[in-house]
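So, here's a batch of structures to check.
Here come two complexes built around chain A, the first alongside chain B, the second alongside chain C.
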Partner chain A sequence: MPKSMGAVKQAIPAEIGGEADVAMASSGTAVQTAAGRKILPIVEGVVLVAALAAPLVLQDYLTVFATRVIILALFALSFDLVWGYAGIMSFGQALFFGSAGYGVALLARDLDITNILLVLPAGTIIGLTFALLLGGFLLLGRHPSSVIFVSLGTLTGSYAADRLARGWYYLGGQNGIPSISSMTLGGYEFSEGPSFYYLVLGILIVVYLLCRFLVRSQFGLALAGLRENEQRIAFFGYKVQHLKAIIFAIGGAIAGLAGSLYAFHEGFVWPNMVGVVVSTQVVLYVLFGGSGTLIGAVIGTVIVEGVSFWLSDNYRDIWPIILGVLLLLVILFRPLGLISFVLGERERVGSFGAKAKEGVKEKRNAP
Partner chain B sequence: MLLEAAGISKIFGKLTALDGAALTVGENEFHGLIGPNGSGKSTLMKCIAGAEVPTQGKVSFVNTDITAFTPTERARAGMSLKFQITSVLPSLTLYDNILLALQAQSSLLDLVFSRTRSALHDQVMTMLTQFRLADRAFDPAAALSHGQQQWLEIAMALAGKPKLLLLDEPTGGMSLEERRVTGELLQPIKQHCSLVIVEHDLDFIRDICDRLTVLDQGKVLASGTVPEIQANKSVQEIYLRRA
Partner chain C sequence: MANAFVAAFEILSFGAIIVLIVLGLGIIASMMGIFNFAQGEFVLLGAYITYLAYAKGMPIWVGMVAAPFVVGALGFVLEALIIRRFYAAPIVAMLGTYALGLIIRESVRGLIGGFYLTVPEPIGGSIDIGTMHISAWRFTIIVITLLVMVGCYLLLSRTNFGLRMRATLENPSLARASGISTPLMYGATFAFGSALAGLAGALIVPVFSLYADLGIRFLIQGFVAVMVGGVGSFIGPVAGAGVIGTLSAALPWIMAPVVADVLVFVLAIAFIKFRPQGLIAGKGV
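After this line comes the complex of A and B, so read on.
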């Protein structure tokens, strides 16, 4: 895995070089940028329309599957923020996802709390708290911690949580916690199907827009700098470790939100949910779709899950091998993910200044 | 004194890069750090900037002992470094590079809600104009020539209004014309900033510096005004030896 990470990082300058040549060859660079910038909203729009229409055209059992995918896409967003935007290699993202799942499952089992207005905030807070604790330990040293340290630290956290869940009788041991009651709002029960689907889609859209706002803000510019050259921006006076811890905590909160939705949707939680397998899965979603774009994380999740679903139906025995080869091919030949077929590097990074320029122009044009 | 580095030693394994080197810089002073290859100039700069921790010695800045400060803390105290290897952020536009440097000390909430973006816009454009890069504002930094990247980097290093700017080989790889322009670009900053500059181009150093420190094999060989150093026998010797 570290090797492919290297490939991702290394591939970036080549892409930029290509872009730069185009920019230099053309006198109307601003026009090009403006034209280029329109692709991302189009992709986002297409994905949104498809997501809204899905339950209308899908059979019921597929809507249930699609709901699961949307929840996993929410989970993938959390990893994209952490890795794609801040360059923190978290191999333990499932720790926040799964611990929130276990948390809300316990609330439902032991305290009979299933109200959506309580369980979702609770799950989010559990994810946030675990991320603050782990992030505080791994990221908040006096000197910046290395990528290896952080990735091994998060991996260990996730692995330890998995073992703990397996061994702890209170958490159901190997079997996890089965038959969680449905999530409720007043007298209404969210059961599998279109209502649950639109609930999670609504949540995904809100979280997506918040992330989008964040990564396009000046804070997002600081993150872009952090990802490109951490040492450089420390020399500007940025508190690099704080920036990282903040984004790690936000990522943990989103993962927690996704984990609590997942627990109620599936109706049970089990040790894998906090473990290394799910942690790795989310890395693949994001690499496959394209890290550092938000929408790439969503698309990657949909495609990886969709392809696995289809392959497992049609090639019952060898589907994991086919999936593995497909993933390898993408990572080898499209290190920036599938999204790079339609999206240029400039849009991936986001041009913060161009926006400011537009803003100022508008101001000047105003009477 | 603005900066006082005393008794600085730096040992990498068996190699002694610095052996009790010292450097003092006053306010509004342009100080050149020269010496043959391997004399420890860059290492001394890094020890001052916080990129390396000296094995021994003490660095004071504005009467505060900053030896144990991290780079971030040094930057916040008013020290700024331009690396020897250009380290502009290549995939960001020039505009964003400068904005990134300017907003470094904005509060977290200001950053999240982009509150300083419009206030800093004019400053970004002024700096780009000052460094003759305004027409390239929205190109990615990777598209600039080497010399222009160096200017961008100097602009970025100056963005935080430092009291002291450390320049490690600003004219490396530049054409003669670019060197001349770099000298012109640096002159005006003297009103509000001191400069420590490591440079191989002795003509360039002589033109812009007030004082010089000469390092040889990790030790200070001589320190003084430009005429004093030019008249110094042992300095002449090491440069003749090199030639």
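After this line comes the complex of A and C, so read on.
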């Protein structure tokens, strides 16, 4: 086993290295086109390099932990899209995360489907479907829903799903579904370790770039307007509720993808995964890192999980208390998250001016 | 007949517990527009104080009487230090109070460990009616809930204090112009809501025993009850709590508990969706 891992370790970085160059090159052009210095691409580049190098310097058990963090970062990204960009408070993001996890676990258990090309799309679709159902119900309708209703509705949905999973024998009840077999691609098995890490990191990079494109597009601009002043966006003629439902569904799909990866990585799913605990955890990540910047969600996840991992040996009992205090301090004094220490307000909002011509084109195409 | 009576009593007593818990939540949500995620932890604190008094060898009554005052005082302090900054933004208030709740919950967890600690009922035994036995303490909870409900209603609708409170919450600037100290009234309202949560915790701890997630268990039910009843009045959340409490206690008698559990939430959310103003619309008491 360790032998094969070593081989993978050597083989994979070369492949990912190419992707890194592409990413770096694209951020390089961003620096050139913008007037003045930009910090965001630098932060993104540093995080990327650190993430790529991590398995080379970390011990094996830490690589397994790092994989989990990357998956959770993907999950945090989904919440950041929904809350940080569109201003929809989803206190039930774990519902999509966990239901996709349960879905792929059932696929693996009952139908013996573990092919990565089937399970990951399946998980994504499960997340998307649940998000469409819940989001459609909560957000659409004749009367616009209040912020409070949406946040409490998602919270209740997540809580109800938790109770259902706990009580339903088919889903394993309290114990969940243990010992899910590994994901496969042809004859290859993705087991915990560097190969799984780079797979997840690759997915995170792709999704991150997609999200980045999305929030820098005309659609993203409309979303940011929605967050800042919903009424004005409505007066501009946008169908506010549709915009919200779309981004909510996209967020659900990403959460579903993350959930299916998480299920296969941990090897089991359990009721907490759909419940309020995980739902609020993802809120913590994003608030810490800084909502409304995609990289903030990733950094927040890494910091919260990293410090919690580091402290859990000696200070297991007081860590949640410290987390609460830190969270309170961030909410009171740094509402834009830790990233706001290095990132200015202007960059957080993003510059849309440079791409004005493209923007006009997209707007014409938009319904 | 006897079975039906026992069932009715169970439903009534659980309904009373939910009403008791929602009272404080409802007052804070209706009067201040804040959905207090720490409310469950105030309930937990009330329970913990009762346990503490019992563990120190004092009569349980002492703890039960002290709980609302201690929790109320804590609520007053927290309002002045933290909650006050959140009035403009309801979502931020949710997150902030969630953080507060996290701190309180985990502190209590650190103090009691992962155990379920039992506190005996101050009024033990049962009341016998013919061949039927009902728990004396649960009956006491129903009576106290009724008294507290009537007391709150009278306080808000009949006293000078209640009038000032309502004036402050309905139109703060006019209230200030009339010489009412609005910061003090906000603090008092929040403290009052917290004290009710503390009382609820103290009363229910003999029934559910003390564990760190005691408050969380009721929080979401409480929120749903407030929304079903209608935010903005005193009587709305109470009515909502009655409905939610009765439903969650009654449905498991006629269907599988798992289904009943989820069905209550689904029904409630659907109801709120189509009637956002709740059962009882309107402002005031």
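Everything below uses one rule, namely that the second predicted complex is superposed on the first by the 317 of 367 C-alpha atoms of A that agree within 3 Å, B and C clash if a C-alpha of one lies under 4 Å from a C-alpha of the other, contacts with A are read in each partner's own complex, and residues count from 1 in each chain.
Note that a residue touches a chain if its C-beta (ideal position, glycine included) is under 8 Å from a C-beta of that chain, and two chains touch if they have at least 3 such contacts.
The structure presented is a predicted model; accordingly, all values stated were derived computationally and were not measured.
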item	value
Partner chain in contact with A:38 - chain B first, chain C second, else both or neither	neither
Which superposed partner A:331 touches (first chain B, second chain C, both, neither)	second
Partner chain in contact with A:237 - chain B first, chain C second, else both or neither	first
First (chain B), second (chain C), both or neither touched by A:222	first
Touched partner set for A:143, first chain B, second chain C, both or neither	both
Overlap of chain C and chain B interfaces on chain A (superposed complexes)	143
Contact set on chain C toward chain A in their complex	35, 82, 85, 90-92, 94-96, 98-100, 102-103, 106-107, 109-110, 216, 220, 223-224, 227, 231, 257-258, 261-262, 265-266, 268-269, 272-273, 276
Touching residues on chain B, where the partner in the complex is chain A	49, 51, 70-72, 75-76, 80-81, 83, 87, 89-93, 95-96, 99-101, 103-106, 108, 110-114, 116-118, 121, 124, 137-140, 142-143, 156, 159-160
Chain A residues within the chain B interface of the complex	12-13, 16-17, 19-21, 23-24, 29-30, 33, 142-143, 214, 217-219, 221-222, 224-225, 228-229, 231-240, 242, 246, 345-346, 349, 351-354, 356-357, 359-360, 363
Complex interface listing, chain A residues touching chain C	89, 137-138, 141, 143, 145-149, 151-153, 155-157, 159-160, 163-164, 166-168, 276, 280, 283, 287, 317-318, 320-321, 323-325, 327-328, 331-332, 335
